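Next, two complexes with subunit A in common: one pairs it with subunit B, the other with subunit C.
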Partner chain A sequence: MRGFEFLRPGTLNEASALLATGDAAARPFAGGTGLMLMMKTGVFSPSRLVCLRQTEAEHRAITPTGDGGARIGALASLSQIEHDPLLCRLAPVIARTMTTLANVRVRNVARIGGTLAHGDPHMDMPPTLAALRASVVTSGTASRTVPVEALYAGYYETILQPGELISAVLLPDQTGWHSVYLKCTTRSADDWPALGVAVSVRMDGTTITDSRVIISAATEKLTRVAAAEAVLNGATAGLAAFTAAGEAARAVETIEDARGSAAYKTELVGVYVRRALQQATGAGGN
Partner chain B sequence: MTEVRCDIAFTLNGAPVALNIGGHENIVDVLKRLGLSGARESCGQGLCGCCTVIIDGVAESGCLTLAQLVDGRSVQTIEGLDADGALSPVQQAFIDAGALQCGFCAPGFVLMSHQLLAANPDPSEAEIRDYLSGNLCRCATYPEIIKAVRLAASRMRAAQAA
Partner chain C sequence: MNEIRSISAKQVGRDVPRLESRQKVTGRAEYTHNITLPGMLYAKLCRSTVAHGRILSIDVSAARDLPGVHAVYTGETIRTLIAEPYFGPAFHDQPILAIGKVHFVGEPIAVVLAADPYVAAEAAQMIVAEYEELPAVFDEVEAMTSAAIVHETLKPAGTFADLKHLSGKSNTNVALDYQLRRGDTDAAFAAAEHVFEHEFHTQQVMHTPLEPMVSIAEPGDNCLTIYTASQSPSFVCTEIARLFGWRENQVRVKVPYLGGGFGAKLYIKLEALVAAAAMLARRPVKLSLTMEEQFYTITKHASTFRIKSAVNKDGRITARRCEIFWNGGAFADIGPRVTQKSGFTSPGPYDIDNVSVDSYALYTNRPPAGALRGFGIPQLVWAYESHTDLLARGIGMDAVEFRRRNLLREGRPQATGTLMHDAAIIEVLDKTAELMNWTAPFERGEGVIRRGRAIAIGFKAVVAPTTSGAIVNLSADGSAALYMSTVDMGQGSDTAMAQIVAETLGLVAERVKVVHPDTDVTPYDMATLGSRSTFHMGNAVKLASLHALEQLGAMAREVGLPEGTNYEIRDIFLKKYGMQAGNIIGVGSYVPPYTSPQKGTGLSDNVTPFWMVGAAGVELSVDTETGHVTIDRLINVADVGRPLNPAIVATQLSGAAMMQLGFTLFENMDLDHGQVTNASLADYKIPGMHDLPTVMDNVIVDNNQQNGPYGAKGVGETATFGVSPAIANAIEDAVGVRLTSLPLTPESVLRGIRALRGEKLEG
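Right, the complex of A and B next:
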């Protein structure tokens, strides 16, 4: 991992310019916890790293939005997000998920923008935020807002263009929604998950009026399962609807790796989607 | 590829240091060159905690921290804890509770325990387990480590009250 230049621009726009050079070995560097692993194992040899930490003062704030949601600066660390009073109140699923995400030191350093841009389908925050209907805002000349669920193009691939950087995450109002993230680790408790399931359900009495079902880790990329949501929307919260949603979610294409076969992960999908819905709503037993 | 080198200056356990480093080096590499062996690179992936260093008051995995990023900042290592000749309360509690066997992981556990107790002076066993879940002890001295943290916590609270 020798021989890369390490640049420290003062603004995201300057960083974008330094990255939009057509060189595929130039990368943005925020916390670095993901990139350092790739560099140390020789998976990735950068020619240029563009450090974003100098832009922290401007891009790490977590602030309420006028419509009951929150705006999270892309340079906010995962620890900062974990302990932020506004986010703990708005979406307690985030802090709950953090307690089993890597460890304290990694959370102290990793930034939410990098977590989302890394494209690793095994991570916990992308599915959690997708279920919360979050979007990312990108910087640069062609700034756009992209739902987290639409950010991924494939395994470790995003739709972000060279030089396009995530500047913030927008979390909408969560009133009436109940959210849970579950992960299944098949080797040791602290292993990368074989499956991540994030669900979010909006209730009117016992009727489900809207829902999000997101699968990750077992799939090539984070996947929203519209078929499972179609089963849920309009149904009465309970074991029958949750079991049917789990069955519908089994249609996602799972991939085999060291954490389990594709067939095994498909079984897990059915069970974990049902359990996540039970936990999110408190209905249908557990 | 040609190595890119740079000059850095930072505060190490309260004293200023300046040196020329390789751009790819992590802070553990640099600490070793400065004669400090308390932070050890073991897993190299941020999982085991043996390389724990405290940077501007925040615990980081030294193995994942590019040394050039500590330029201008303050780094604290295990060697700084007893610089005045007296063991810290956590170090003393680890000895009293027998919370180490080979000792390889102990600097990381001690530093992380200090961070925990600074944020939470009276942690439950569950909170201790949760906070230290990113530190691995291959001798499996975990029960004694939890006892040591609770012992240190009670002594530090007593000292605070006195």
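Right, the complex of A and C next:
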């Protein structure tokens, strides 16, 4: 392994400047859990790593936003998020998802910014946060706010520009919404999922007024399934609507790998979308 | 305290905590990975990128020029030191580094040495090889007739008489064709009421010891010391001496604790390479494989098993024909032994008059395969116990009753003609059925969940004949040390052997010191493999202890003490020497009686010194919408003779069953034209805590192995036998789907469910 530079700037702006060099082998380094795996297997050989941890004091807080939501600094660790009282109240699905996300050692080290920027479609937090209608705030030359589901351009690819860093995640108010994330593994329990399904449903009595259906792992990148949402919105919560939503979700393009064929994953999509909706709403049996 | 008399007979059968536990949990236990030597160089390998090809060139110049690189060697460099640098336990087919051609993706073609392992790794990536690709063969059945030939000529090692006829054979991938013939199968099939025939497959999987392979060689003056994570120090010593044309006493092999082995660290693996590199460089050389590299080193045979049985109207099996194809990969390793020694048990633990077995060891262009916790038996039991359930189903008989009618009983001849003794087959079956409450109604599930249950039973003959030696040193203060070459790789052999010493000499097991394998110090042992140590080494240790006891008795007589004296050991020494001085050396060696099978028929009146028997009972739930299988209960029942240490036996049973559960449900080396595409623990999944069955019971039946040390016999593999077929049988019981290929993935279950409804998965 060749040597590389390891820099520790004190602010995100400095970090952005150090990264906007046009060199694809220069990368930000948050928890490093994703990067180190890629470096060990030789998939990625950095020329420069820009560590973001010196900016922690400023960028790891989790704070209420005043409109019922929360702002999570990009350097917040997954463990911190898992145990944060505000988030546990606002969106308990996050803490539940964490229990099967890696292990406590990884969660102690991995940061939410790194987790979202990694771009591996098998990960659990991106679909969960997308279903919660979260968005990321970026810093750099052109700061912007991007919905999580719009962050991904492809397999391990995001729309972030060189030097553009995630500085925070914004979580909106969840009043009236019910959310579930289901992780479906087909080999060992700790395998990467063959399919991840995250759903959020907003209810008025028994009527569904709004919804999010997100598919991950089985697809090339995290995918929001508008067709399934269209079936749900305005329908009465129950087996018929959920089954129809599952059917609609089967239209997403699944990909074959060691965890299953594309056809099998399509079957799983139909079943898991229905089951996720049943669990989220408590309607339609289980 | 009178240690000689009062503690005696309480040492075996006691749950002595593992002697090394404290060392291990405090991080003090010695492992080869932690050893560094002055002036040591780190080795890194460059590996073949093609499955089969002639080497046109290997350009090492860039690697050699990288600052910090000490040397780069190829097969040709090795040849300047060793004219015929090929090794292997059955065939001398494996080059230290590739010569002339490569046989699989991942075969080592060059090695880089550097004082910094990262420099070595970077340089290894700078080596450029060119190949002329040759046609390759990957499937074991195709290898029987393929035009692609892995090795031009066969090179049996000559150590095994039954491989001699293969010497110099060319144009074949068959490394061994084993046959067994008993009775008249043709006539029995012609006269049969029912005939059933099935074909079963297993996939290639890996041992995955959490300590990857590691070896160090330290050159001396016409001698070598090798520190290695090996299960067979004695074999390493012999084979290195043979390669260098040296005497055995010029090679010293030392083995500390192992972080798991499971058959991966048998015979020689990295030792020949580090030895050659160290001699060339005149510096100590260490090679530590990464977890990823283990996928290119040794694996478990994929297999195809065609099995056909005749059953009469009373539900008795009258004939069985077995044809087994073992996918040995590029080098034979111990595959030919697996083919034969397991092959003769392929008809199962059943009393069948007419049997024919053909078992073939095949070369293919895959990573090599060897022995993995069961020496081929799990592949066989998977097939014959799936088949046996299908027979019972086919004639409408209860699966337990059908087995009970056909199982071998005490004194009856097994397929080879050897009479069964001390094999508690019926007892194991009955215990399993009893624990499962087999005759009571069973809850079948509701909604999308369907439940099923089943059993499977298998047996194994320990590999024979093999030798073990042991030395017991009784010191003047009455303390004892045991010198032996059995390797403790986590199975608890140090503790069990200390218990035998303590039981025999009337000591406390916890205070017996066990000296780890060092071929300059500890006597020969064939290897720590195939559940052989408890029996073979156990007998040798007992004999050595008895030998010491005999000398102690003689010493007591010599100093005028009466027969059966209650003098303590140290007082007897004191009386003899007048001070704390002297010692007693007890030696023991053991090789069981054995009759070589007849050529052609495979018949023998004494094919093995003992049989291991294991059964699994499974209750499971199937999600009929996704095919997911949940193991609600797994019962492992075993005949281990008398357990020397019941707590360790229980962990061997649960560990073996869990390992086999992984091979059953999901472990699988994915190959794309010979390239392993999931060579990492992120992509090759082994069972973790969350994969444990909801309930798991490990049960030992009462038995006594009369020729075993204190009635004991081997246990390390027994609980692997029944797991795969019991699960497949229970899946059929639950949802009517019969799966014939491992692993039993949720997708294959769902496809089966859909096929029963006449539907296919779309896409």
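What we mean here is this: the second predicted complex is superposed on the first by the 284 of 286 C-alpha atoms of A that agree within 3 Å, B and C clash if a C-alpha of one lies under 4 Å from a C-alpha of the other, contacts with A are read in each partner's own complex, and residues count from 1 in each chain.
Operating definition for what follows: contacts are C-beta pairs under 8 Å (C-beta built on N, C-alpha and C of every residue); 3 or more make two chains touch, one makes a residue touch a chain.
Everything numeric here is computed off the predicted structure, so don't read it as measured data.
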| item | value |
| --- | --- |
| Contacts of A:Leu37 with subunit B and subunit C, given as first, second, both or neither | both |
| Which superposed partner A:Arg53 touches (first subunit B, second subunit C, both, neither) | first |
| First, second, both or neither for A:Glu247, with subunit B first and subunit C second | neither |
| Subunit B versus subunit C as contact partner of A:Asp190, first or second or both or neither | both |
| Partner chain in contact with A:Glu220 - subunit B first, subunit C second, else both or neither | neither |
| Touching partner for A:Ala258 - first (subunit B), second (subunit C), both, neither | second |
| Touching partner for A:Thr266 - first (subunit B), second (subunit C), both, neither | second |
| Shared subunit A contacts, counted only where both subunit B and subunit C touch the same residue | 1-2, 37, 190 |
| List of subunit B residues in touch with subunit A within their complex | 1-4, 6, 22-24, 26, 44-47, 49, 52, 58-61, 63-66, 68-69, 112, 115, 130-131, 133-135 |
| In the complex, subunit C residues that touch subunit A | 118, 121-122, 125, 292, 625-626, 628, 662, 665-666, 668, 670, 677-678, 680, 682-683, 685-688, 690-691, 745-747, 750-751, 761-763 |
| Contact set on subunit A toward subunit B in their complex | 1-6, 32-33, 36-37, 39-40, 51, 53, 99, 102-106, 108-109, 190 |
| Subunit C-facing residues of subunit A, complex | 1-2, 37, 41-42, 184, 186-192, 258, 260-264, 266-268, 271 |
